[in-house]
Amino acid sequence: MSTATMTKPMLKIENLHAWYGESHVLHGIDLELGEGQLITLLGRNGAGRSTTLRAIMGMVDRREGSIRINGEEFLTKPPHRISPEGRIGYCPEERGIFASLNVEENLMLPPDVGEGGMSVEELFEMFPNLANVRKRMGTRLSGGEQQMLAIARILRTGSRLLLLDEITEGLAPVIVKTLGRVIRDLKSRGYTIVLVEQNFRFAAPLADRHYVIEHGKVVDVIEHDQVETSMDRLNHYLSV
Amino acid sequence: MDPMIRLILAQGMLGLNNGVFYAMLSLGLAVIFGLLNVVNFAHGALYMLGAFLALILYSYLGTWIGMADLHIGFWPTLILAPILVACFGMLIERFLLRRLYKLDPIYSLLLTFGVTLVLQGVFINFFNASGTPYPGMPESLKGVTNLGFMMFPKYRLFVIVFSIIVCLAVWFMIERTRIGARLRAGTENPELVKAFGINVPLMVMLTFGFGTGLAGLAGVLAAPIYSVSPLMGANLIIVIFAVVVIGGMGSIMGAVVTGFALGLVEGVTKVFYAPAANTVIFLLMVIVLLVRPSGLFGRQG
Amino acid sequence: MSNTTSEIGEFDAEATSPEQKTRSRAAQFVFWGLLLAFLAAAPFFLYPVFVMQLLCFALFAAAFNLLIGFTGLLSFGHAAFFGGAAYIAGHVLKVWGFPPILGIVSGMLFAAALGWVVGALAIRRQGIYFAMITLALAQIVYFFALQMPFTGGEDGLQGIPRGHLLGIFDLNDPFAMYYFVAAIFLVGFLAIYRIIHSPFGQVLQAIRENEPRALSLGYNVDRFKLLAFVLSAALAGLAGSTKAMVFQFASLTDAHWQMSGEVILMTLLGGMGTIFGPVVGAFIVVTLQHVLSGIGSWVQVVIGATFIACVLLFRRGIVGEIARLLRISSL
């Protein structure tokens, strides 16, 4: 893939390997995306999509290869410096809402990582459901509320690169629709987004490019305008 | 007033006074356990260290540095000693405990047990094993005050009120502030908290320092009441373990309430059957284990 | 979870090759040979009382190891069984005039009964709470020992008679007493060896490795844990009773939490989950205490520092390290 046609890559991952304990999970991931772009990581369960995000955040036991953000190497940074120095917001699988914190506390938990974060009022405007449950504990939220909170939480901090893991999983269609609107809105505001998605129909219209991951490797890259012609391949990759 | 009730109230007050130390130590233990998953055996020894620092700052330091007239009094010590104990605690965390987080928590229990033996041994060598009274009680807190049913030492009343304020402040900080929210989040999922850009290793070190600092503070408060001795923390920590088994380490308020309540129970037991006062807390632990094994405030299962 | 717990007495789980088996057998043979030779010859070049003390603590540590090393349970209250049995054995020997063997059996039975109570309570909570509960329950025993009239309080129970073994052998003779103690040690140690290698012992080790899996295989985990606890307590009681006879007194020291700590150190230093480790550890710690007895309470500092060093640098213990160097799975 040539980079000449793209803007300067904001995130560039080369030959990324990762381990949990002794088990080797990622076997050389390569991907990149420019500022303001949105890519998806597609693949079956266990292929290594979530691990790719976790590896970027330093949440695996060991990593090798290269992760550059705006040209700077992040592989060697301690985990707690990755988010602030890369202006990354991470929304984990299963949402990661803290049960012993209420909505406001969850929202205020991550420290600011840069200018231009959305204000709490702006966020409650974007996710009106949350405004009514400000003082409710994390455990007592519905799945949809939790997901919105998990996204709102990283928008508050001024992150520009968003890593979103399975945000539509287990949610009602109407909420998935809302989330689709939110993601489109975020993209139009210039956020750079990596989306791990199971739901291809949700992801297809949003993404600039799809990376297909199998056995810890990128096995195919499909540009937005090739999706129509590549449906057979995609169905093959994603069929169970 | 009925003399029996008067006696119960009087012993209850004295029991509450012991409850202060149960509450403050089990509070610190619970805060540490929450974030670090470490049961700090050295908590009693650090309480002892706090009391000794009070004694040293008042009686010895001046002579050691050649200023025989220097006596650092109770009030400055109340701030200084806990900070010193906290620093010592942080050194233990940074250089010893940190190496054990990936292992079974019994290793950190054993390590802190080793620290306890070292601290005790050192103080037995430099000070008398039998105990030294602390002479620095402030003038303003000397004497007794009339509670209506008994004459109660002013200092002990101060200790009860002060420690309740401290415990409430700690509770407020943990349950109602942003720093506390970080701590609670770290207790639940330290990895994710790290991914949000919070320096969890630093937070862990400060938390251990904070918990041990509370033990040091309790030690300073204890110095004018009990005689300062190298073994003062050893038997206490075992009682604290029983308190923690009864209350469960999952809840801050639970630890505090259980601590005060058990002090009270112990005091009242003295009225009815004095020889059982030593063991009543342990016997209550047995009952709790039989009836509600996860502890009064513990999460079931 | 299984990752962190298997560290206790951890060995290479890979299937043992025939060559490894030979090596393992040879190493065990050497250790048994050394132990038996030591038992036979020791009283000729060391003070019999000192050697008897070594043996009592070695048995105590080996009994303790049955729990921590082979079941994965950390008891912080084993002094209660050791000291409690010492008091009971002392009392029945001195006051009731029981013969030596009955005296020792009485202490042991008491320890077993006490172990059943403590164990049944402590296994109601898992992990680190187990250690705290055993410590607290042992403290009750300590307070009893302090306050009950028959224990002699601070003075301890003194002047326990050794008597005549089977009415024939005068145990006041140091050599007779020595070989009596050596025999008790061997019986106890062999019992532990048998338990470890029995099907029961295999289940215990399965529980240590992975409790949920043992549970899902249909084992009544709690009953196995309790039985292991009772056996360990009884054998600790055997050691305590014997110690009371050797020194002819039982004291608060035997029941103090510091004693519980010492037996942990012996086992940790020698090697948790090894067969011979606790014996080696007990020999070292007791010898150390004798050699350093001149420096007063600095001994405590040395013991504490050894604890810290073992936990940080040396978790396999001496025998565990030897086993690792020889690449064998049990020693």
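Labels A, B and C are assigned to the chains in the order they are written; within every chain, residues are numbered from 1.
Throughout what follows, contacts are C-beta pairs under 8 Å (C-beta built on N, C-alpha and C of every residue); 3 or more make two chains touch, one makes a residue touch a chain.
Per UniProt, the chains are B = High-affinity branched-chain amino acid transport system permease BraD; C = High-affinity branched-chain amino acid transport system permease livM.
No experiment lies behind these values; they were computed from the predicted model shown.
Asks: Go through B-C and A-B and name the pair with more C-beta contacts between its chains.
Replies: Of B-C and A-B, more C-beta pairs in contact link B-C.
Asks: Compute per-chain Cα centres, compare each with the mean of all protein Cα atoms, and return the closest chain.
Replies: B
Asks: Nearest whole angstrom, what separates the Cα centre of chain A from the Cα centre of chain C?
Replies: 55
Asks: CA centre of chain B versus CA centre of chain C: separation in Å?
Replies: The separation of the two C-alpha centroids amounts to 33 Å.
Asks: Averaged over CA atoms, how far is the centre of chain A from the centre of chain B? Could you give it in whole Å?
Replies: Whole-Å distance between the two chain centres: 45.
Asks: Scan chain A for residues touching two or more other chains and write them down.
Replies: Residue numbers touching two or more other chains: none in chain A.
Asks: What positions in chain B touch 2 or more of the other chains?
Replies: Where chain B is concerned, no single residue meets two or more other chains.
Asks: Along chain B, where are the residues that touch chain C in the complex?
Replies: Residues of chain B touching chain C: 39, 96, 99-100, 102-107, 109-111, 113-122, 124-125, 129, 234-235, 238-239, 241-242, 244-245, 275, 278-279, 282-283, 285-286, 289-290, 293-294.
Asks: In their shared complex, at which residues does chain B touch chain A?
Replies: 178, 181-182, 184-185, 187-189, 191-201
Asks: Across the complex, what residues on chain C touch chain B?
Replies: So the residues of chain C in touch with chain B come to 4-5, 7-8, 74, 76, 121-122, 124-125, 127-129, 131-133, 135-137, 139-140, 143, 147, 257-258, 261, 264, 268, 296-308, 310-312, 315.
Asks: Spell out the part of chain A that touches chain B in their complex, as residue ranges.
Replies: 57-59, 79-84, 90, 92, 96, 98-101, 105, 108-111, 113, 157
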